[in-house]
Each structure stands twice: as structure tokens, then as C-alpha cells.
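Can you read through this structure? Questions will come right after.
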Amino acid sequence: MRILLISLAFVFLAACDRSEQPKPEAGTVQLSVWAHAGQASERRTIERQVQAFNQQQDAIQISMTFIPERSYNAQVQAAAIAGALPDLLEFDVPYLYNYAWQGHLLPLETLLPHSLQQDLLPSIIKQGTYQGHLYGVGTFDSGLALYARRSLLQKVNARIPLHPKQAWSVQEFEQLLDRLAVEDDDGAVLDLKLNYPDEWFSYAFSPVLQSAGGDLIDRSDYQTASGVLNGAASVTAMQHVQGWLTTGRVDPNVDDAAFVTGRVALSWAGHWEYRRYHEAFGDDLILVPLPDFGRGSRTGQGSWVWGISRHSAVPDKAAEVIAYLLRPAQILAMTEANGAVPATHTAIAQSPLYQPGGPLHLFVVQLAEGYAVPRPRTPAYPVISASFRQAFADIRDGLPVQQALDRAAAAIDEDIRDNRGYPSIAAP
Amino acid sequence: MPQRALISAGLLFALPALAGLLIFVAVPFLLSIGLSFTNLRLGSPLAPEFVGLTQFVRLFADDAFTRALLNNLLFTIVVVPVQTLLALGLALLLNQPLRGLALFRTLFFMPVVFPLALVSVVWILIYAPGPDGMLNSFLHLITLGHWVPRDFLHDPWLALPAIMLTSIWQGAGFQMVILLAGLQSIPEELYEAARIDGAGRWQRFWFITLPQLRNTLIFVMLVTTILTFRLFEQVQIMTRGGPRHATTTIMYEAVQAAFSRQQVAKGAAITVIFFLIVLLVTLLQRRLARQERL
Amino acid sequence: MNGRRMLTTGLRYAALLLLAVLFVSPILLMVVGSLKPEARVLVEAGSLKAFVPGEWDLRNYRDVFARVAFGRYLFNSLFITGMVVLAGMVVNSLAGYAFARLAWRGRKVLFVLVLAILILPLEAIAVPLFYQVTLFGWRDTYLVQIAPFVANAFSIYLFYTFFLGLPRELEEAARLDGAGVLRTFLTIIVPNSKPVFATVAILGFLMQWGVFLWPLMVTGGEAVRPLPLAIATFYTLPPLQWGDIFAFGVMMVLPILLVFIFFQRWFIRGVVATGIKG
């Protein structure tokens, strides 16, 4: 019995000892930071950046925690209630509006240098703004388009659009799919990344709605999705998509390698695939804007951004870290690793991939010239995303599009009603 | 020792445990009942309101939840008999003085020791789609080439059975050990007497083994039933409730609501329903077991 | 007659062997896969080669340590499980004894309540408890993963039934010697209760080692993350490498497997005890 108690004591002491952080020197500020555990290359880049930052100076020491991506939002919400949010945290921009509405974030416009804010792409500023305040800033933005192989398109004599205003109309696109299918083993010539989880579907396919004149929600006041999400334009757009799925033009992509192994000719994917695709196809790889469903080609935007939690004791220090991450060299280090669009004009000018003439310049054009539509900037976004995702799955299953979208719109409207229209309560 | 001191001693002894049960079991339990009548959302700046039975009404109109109830029911009515029969079969096979009995018993019991989270991850590979997947190639082999490879975990019809198989694999050993002990506690004289009376093997099984084993069987089935209603790990790790709610369960919906979507009141309502189901099943077992004693 | 018996026994062995192979093959897949270079793991999973290691390669094990803080996860599991079991043995045995042998006000009522709690699985209170601890700011610590599990109705019940079965003479002798209740408990009851303590400890260890739902909801980063949650997040960490995952699995199950093999008798006895009592 005594031995038991003594060993208990030892184990307990060992535990206490382990959870102690190394004592910082006097005057050093300990900054807690959260980031999502995403692609290995992104993680490593952030780790290196943190290490470099810590080593370069003694005033601020960053303590980094990686949170698994899939439960990231849940973790943030739970930590917020528990008062355990880190000083600085990364988050997927569509959740910014919800976090800001709940009062978890500090406005950044007074904390970040003015010159820095002016250097940011307008799309970065816009997506990070809620009710007139800037709550999140990203070091990169995302790009979404169709990856294709020039040789395959030339084989079927397809017109190759280089600018979003030249994009294929959806009719032209569908004819192209049929022509490509003739040359293909199983007739599946399009990869829509059906294997991706969660947020992908809202990100990648709501532009289809907007291209047709519809949308996820009425953006004038963000109070209702009925009539918009399940309106005629949206329904028609998704019926086209359902057609591709039910006629077997789309590869299920279970192994996430339909494009690189040559099973499909076109891949509806984001900037993060550039490296892998380029490795596989070199100069044969080209980027084509998404098809035009009637009102012009539209594409997605928005990615992970950095924000400062309201209860941080050292917001100015956290802002210094954001400014550090937005230095051109740091931005380029990250975009080198993940292929994303750099967030500042300065960085873009220095990037071989994104400069005019560079292979990914299309992404910049889409962001700069308004072809990229941000996801709805409303605290209701999490429900919108979940409902649209469900609708997409139902549509893929063969459910009539009108029915699927009706359900989604009803779910969204119910949530907005439940939250009394998400009124502004928390002080900015 | 004066009587009063003894009384205090009893209370003091039990106090830590009782305090723990109060704070970590009783209070949450009562809280969940209370919360289920509100519209509380974690982190919302809006004040929560009393909404009566709205949560429950909405739940039964919710596709995902009603599917979860159905899935749990299907899961239970398949897994409980199949696993129990398998366990009984194993126990019967082992109920002989065999060489190597201990080894076999260990092998069959080993999966029980594996954490369900680990079991879930390993079986993802076993269910891998394509001809290289372990189960696919196994079925290909035993059907002499007639099996077409399937993506079990993404197939709306095969996903739930796939999870059932995983549970049966992991849980059979547990039941087997209990049933084996039950078998071994049946007095040999009963069999002797039956043999003298000319009863054949099947008759001995039906008229002696099964009745003697009745309460153990009922208990074992009860425990497994409650375990099947707790189904969560495999769903969270292998299928995330998909494809299209084909594998969602009561607990998965509860965690999704409360943790992933911060709808604590909805999660609490689901928890209350879960408790009522467990209570019902337990009471049923008590009644069945009591009948025997009359 | 003898021939028939031999045939039956032969069939029995054959059946057992076949079933044993089926039961063990996933485990074998994991163990052997952990020793293979990554390229071969997926490709060979569909054939008998899944069970043949070829060159024994510890690369995957090294990889696990390079990619994540496995040692930390292992320590977390050991610490949390250990503390739950040890603290549980103290707290629940005291309560079990109080219900079995001591007279005090409210004993009967409270015991009925304890029995009522017996049918409540963790899941019945996980959601409200999650809300409770989050509200109190109690996340991402060891304590939040230990405290809720220390007091356990089932353990109390096991202790209770065991103590009831102890001969009263033991305590009476101690009482005559002038020993107080606590002294009696510590010096007489406990040493004579090794079987139930072993059962409770081993069952408790088994149940606590695999807890997944709770840490999923109340922990975030890696600092206090236990093994079951760790392997699930490791599986979602890009790049997906099955060799590494299997190595993780082998290392993760080794402690509990060792406990099981060495204390098999107690394990089985404990499991049976739950069955017979029911």
C-alpha cells in the first residue's frame, strides 16, 4: 500500500514537471499561437517561420500548437467559451464572420501598419472584413480553376480560354466533355474532387450558382436563402452538375489521383494541386477558368487567415507576428510550399509563378478583376456550408435538384430564424 | 467505539466517490434534461430561451437523426444475435479439455483488448477499395473470382455492415469468455443423467445447456445491446456518418450537434433519448431475467 | 467409437484453427505491415504477402517518432489511465466498504442511486459534461481527463459485493483490538481483498486505455492527447502512410497487450465476474 502511494506521488510529480514550460526571461512575452495541421509542407513552413522568429529576437517567444483541421472550428468554439483561446490564431476565413459576431476577435485595422494594409490584395481585405472592421488577414489567398492538359484539349480541337472572360460556356463545356469521353476508357473525364471532405463543396461549387445568377443566400441582408439558393438560376446550374455526375462523366477520385494518373482530362481543383500536377505533366499542364453558366465565369476565393483573440493580453505583440508573416519573404516561403496566391502586391511581383506571364497568373486575375466571389460573409456561414454540402451529396445521389436545394434553403432559413437574424450584439 | 463515530466514518468513506458521482454523473445528467428544453448554443451572444419540446419535435423531423435511430436499431438487431451466436459457438468449441485451449482463448480474446480507435483505423485498410484491398481480395478468393471489388466504407449499402463486422470482430471474445465460464459452471451430473436417459447431443444442448445458460445469455446480450447503442468510434473514424447518413448513429449525431455545431441543447435532447432507450432495454432485461426465477 | 471421437476432435481443431486465423489476421496485418517499407504495405495488403514481412525494417517506427510526439502520447495515456485506476481503487473501495459494512444515514437511498447510475454509460452524460467543463474553462488538461472517471459506480458495486462476502470475524477481531474503522479497513480488509482489487484495476485499465470520445471533445493540441485520439488524428495527418500508422498501432497496443498477457487470469476472471454478477 505504501509503495502504491509513493509511486502515485512520483508519477504525479513527474506529470507536473513535464507540463512546465521553460521559464521565459524577464521581459519576454509568451505568445500562444494556433494553426491548423494541414499539408505537411505548410506545417513545416510555419514551424520554420516560428523558429526563425523566436531565434531572431528575445522580446516575443511563440509557443505553437497545431490543431487537426477537421475539428478546428469545434476546437476554436470550445476554447473560446473556456476562455482558452490563444493570443494569435489561424482560421478558415468563412468562419471569421461567426467568430467576430460572437465577439472572439479583435479588430486589426489599428494594430497593423497602414502601409501593410495598403499592400494587401483587395480580396484579402474584403474577405477579412465584417461590419466595417478587419478581423482577419491571410498571408495567401486561394485559387480555383480547371487544370487541363494542353495535348488532350488539342486532340479534340478545343478552344483554350486564357482569361475568365473567354471562359467556355456551360454548353461548350459539356460538348467538350463528350468529345473527351470518346477518347477515354471509361467516359469519366472530369475530376471534381468528390473525395474531399467538408468545406470543399461550398468553396468549389457555390461559384457555379453565382455564375448562373443564383447564390447561396440573399446577400443584401443575409436573412434568407429561400428564393436564391433554390431559385431558378441555382437549380438550373446544379442540374448541369447533376447531369455530369449521372452520365458518368465524373471520376469518383477515391485515390485522389484521377488526374495525375491520366484517368481524367480535367481537374476542378485548387492552387494546392499545382505542385503535384506540374510534376506529373510539366509544360503540358494549363489552367483554364471555370465554365460560364450564364452570367460569366465565377470562382472561389478565401483561405486561412490570422486573427487576434479579444482576450489576448498582448494584442500588439500578436500583431507584430502577423506583420512578420506578411513580409514578402515570408509570404513567398509559404506560397512556395503550398502554391497559393501571395496576399500582397509586393510579393506577387516577386513570385515567378504568379507574375504576369507566370503559369498561375490566372488566379491573380480572377482575384483582382472580380471573378472570384467570396463565400457569404455572415455568421450563418457554417450552416450554409453544411446545408449546401448535404444538398450536393443528395444531388450526387440523384435526388431532384429542386428538392435538394429546397431542403438546404429551409435549413439555412431555420438557423437564421433561430439566431434571430444574427443581430449585432457584441461590441466591435 | 460510540455509534455516532461509526456513522460519520461511513459517510466519510463514501464521500469522495459520492461527490465524484454527483459532480460528474448526476449533475450532467440532470443538466442534459434541463438543457434539452432550451435552445442553448455554445458561444452564442444571444441568451438561451426555454422552448419546451421543440428540440425533440425537430429531432424526429430531422433526416439525419431518424436515420441514426434506424441505423442503431439495425445495428443492434444484427450484431447482438450474430455476435452472441459466434461467441456461443466459440465457447462450445472451447468447452472441452483440449490441448492449446488457453492459446485459442487468448487469440479470440485479443481483439477485445484493442482500443476501438485503433481497430477502426486498421480496418480502414482492410476495407480498402479496389482489388488490392484485403477484404476485397479475400472475397474474390472465396467466391472463386466472382466478387467485384467494392468501396465498402463509401457504399451506402455496405458501409453499415462493414462497421458491424468490425464490432463483431472486436467484441466476440468478450462474450465468449463469459459464456465459456457459464458453460463450465454447468454441473456435469446434469449431462450424465441426460446421457443415461438416452438424450442425444442436440437434445442435451437444447434441454440442458441453453436453459442453464439462459441468464448468462440474457446478460451477455444486454451488455452487447447497450454497447451497440453507444456506437461511435467506428463512425467517427471510418465513415463520419456517411455516405449520406448511412452509418450515422445516435451518439455520432449527439457529438456532431453539441461539439461540431455548438448546438448543445440539441445534443442534450439526443442524449436524453439515448438514456431512455438504454433504460428501456435494461428494464426489459430485468423482466426477462426475473421470469426465470419464478 | 474412438475413431468417431478422433474425427470430432479433429473437426473441432480445424474449426478453431480457421476461426483463429480469421480473428488474428487483422492483427497480423498490422504487425507485419509495420515492418514493411511504405511502398509495399498497400500493394501487398490484398494478398497473402500481407502476412509476410520480407525484410524487417524499423523505418516506420522511426518515422512515427519523427512525425509526431509519440512518447508524449504514450506518457499521457499511461499517466491518465494510471491515475484513474489508482485513484479509483482508493475512492471506490472506500465507498464499497461503506455501503457493505458501515451503518450511516442515507446509506440505503444513496446505494439505490448508485445502482441506478450503473446503467448510465459515459455517453449518456458526455454531452452535458462537455458543456459543463467547457463552461468552467476546464479544457486541455490531465485533470479534465482523469477526474470524471475516478468515481465509478461499477467499481463500487464490485467492491461492495466482494466486501459483503468477507467473513465478519475479521473485522470483529480488529474491533476488539481497539482498531478504528480506517485502521480496520487498511490493515484487515484491503490485504484480504487482493482479487477484487486486481479485477477492478485490470478492468479499469482496459476500459480507460481506449477512451476516445471524451478526449476528442475536451482536448485540442498534442500536449495532453492520449493514444486513441492520437492515432485517429495521426491517420488524418497528411501524408497518409499506412506503414507508419501500423507502427503507431503496434506501439499503442503493446502496453495493454502486455498487461493482458501477464495478468490473463485476472483479466478473464474480471470479465467473468461482470458476467456472473449480472
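Labels A, B and C are assigned to the chains in the order they are written; within every chain, residues are numbered from 1.
Note that in this section contacts are C-beta pairs under 8 Å (C-beta built on N, C-alpha and C of every residue); 3 or more make two chains touch, one makes a residue touch a chain.
Owing to the predicted nature of the structure, the values given are computational and were not obtained by experimental measurement.
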item: Pairwise touch network: line, ring, star, complete, or other; value: complete
item: Result of counting contacting C-beta pairs for B-C and A-B, higher pair; value: B-C
item: Separation of chain A from chain B, taking each centre as the mean of its C-alpha atoms, in whole Å; value: 38
item: Intercentroid distance (Cα basis), chain C paired with chain B, Å; value: 16
item: Residues within chain B bordering two or more other chains; value: 42, 259
item: Residues of chain C engaged with two or more neighbouring chains; value: 130, 134, 216-217
item: Contacts with 2+ other chains: residues of chain A; value: 71, 78, 81
item: Residues of chain B that touch chain C when the two form their complex; value: 1, 5-11, 13-14, 16-21, 24-29, 31-32, 35, 42, 90, 93-94, 96, 98, 104-126, 128, 131-134, 136-137, 169, 172-174, 177-179, 181-182, 216, 219-220, 222-223, 226, 230, 232-233, 236-237, 251, 254-255, 258-259, 264, 267-268, 270-271, 274-275, 278-279, 282
item: Of all residues in chain C, those that touch chain A in their complex; value: 75, 79, 82-83, 86, 130, 133-140, 142, 186, 190, 216-218, 220-223, 233, 236-239
item: Partner chain B, residues of chain C touching it in the complex; value: 9, 12-13, 15-16, 19-20, 23-24, 26-27, 29-30, 33, 42-43, 45-47, 50, 90-92, 94-95, 97-99, 102-107, 110, 113-114, 117, 119-132, 134, 147-151, 153, 156, 175, 180-182, 185, 206, 209-210, 212-213, 216-217, 227-229, 231-232, 235, 242, 245-246, 249, 252-253, 256-257, 260-261, 264, 267-268, 271-272, 274-276, 278
item: Interface residues, chain A side, partner chain C - complex; value: 1, 4, 8, 11-12, 14-15, 18-19, 34, 37-40, 65-71, 75, 78-79, 81-84
item: Of chain A, residues touching chain B in the complex; value: 71, 73-74, 77-78, 80-81, 101-104, 197, 252, 254-255, 382-383, 386, 393-394, 397, 418-420, 423, 425-426
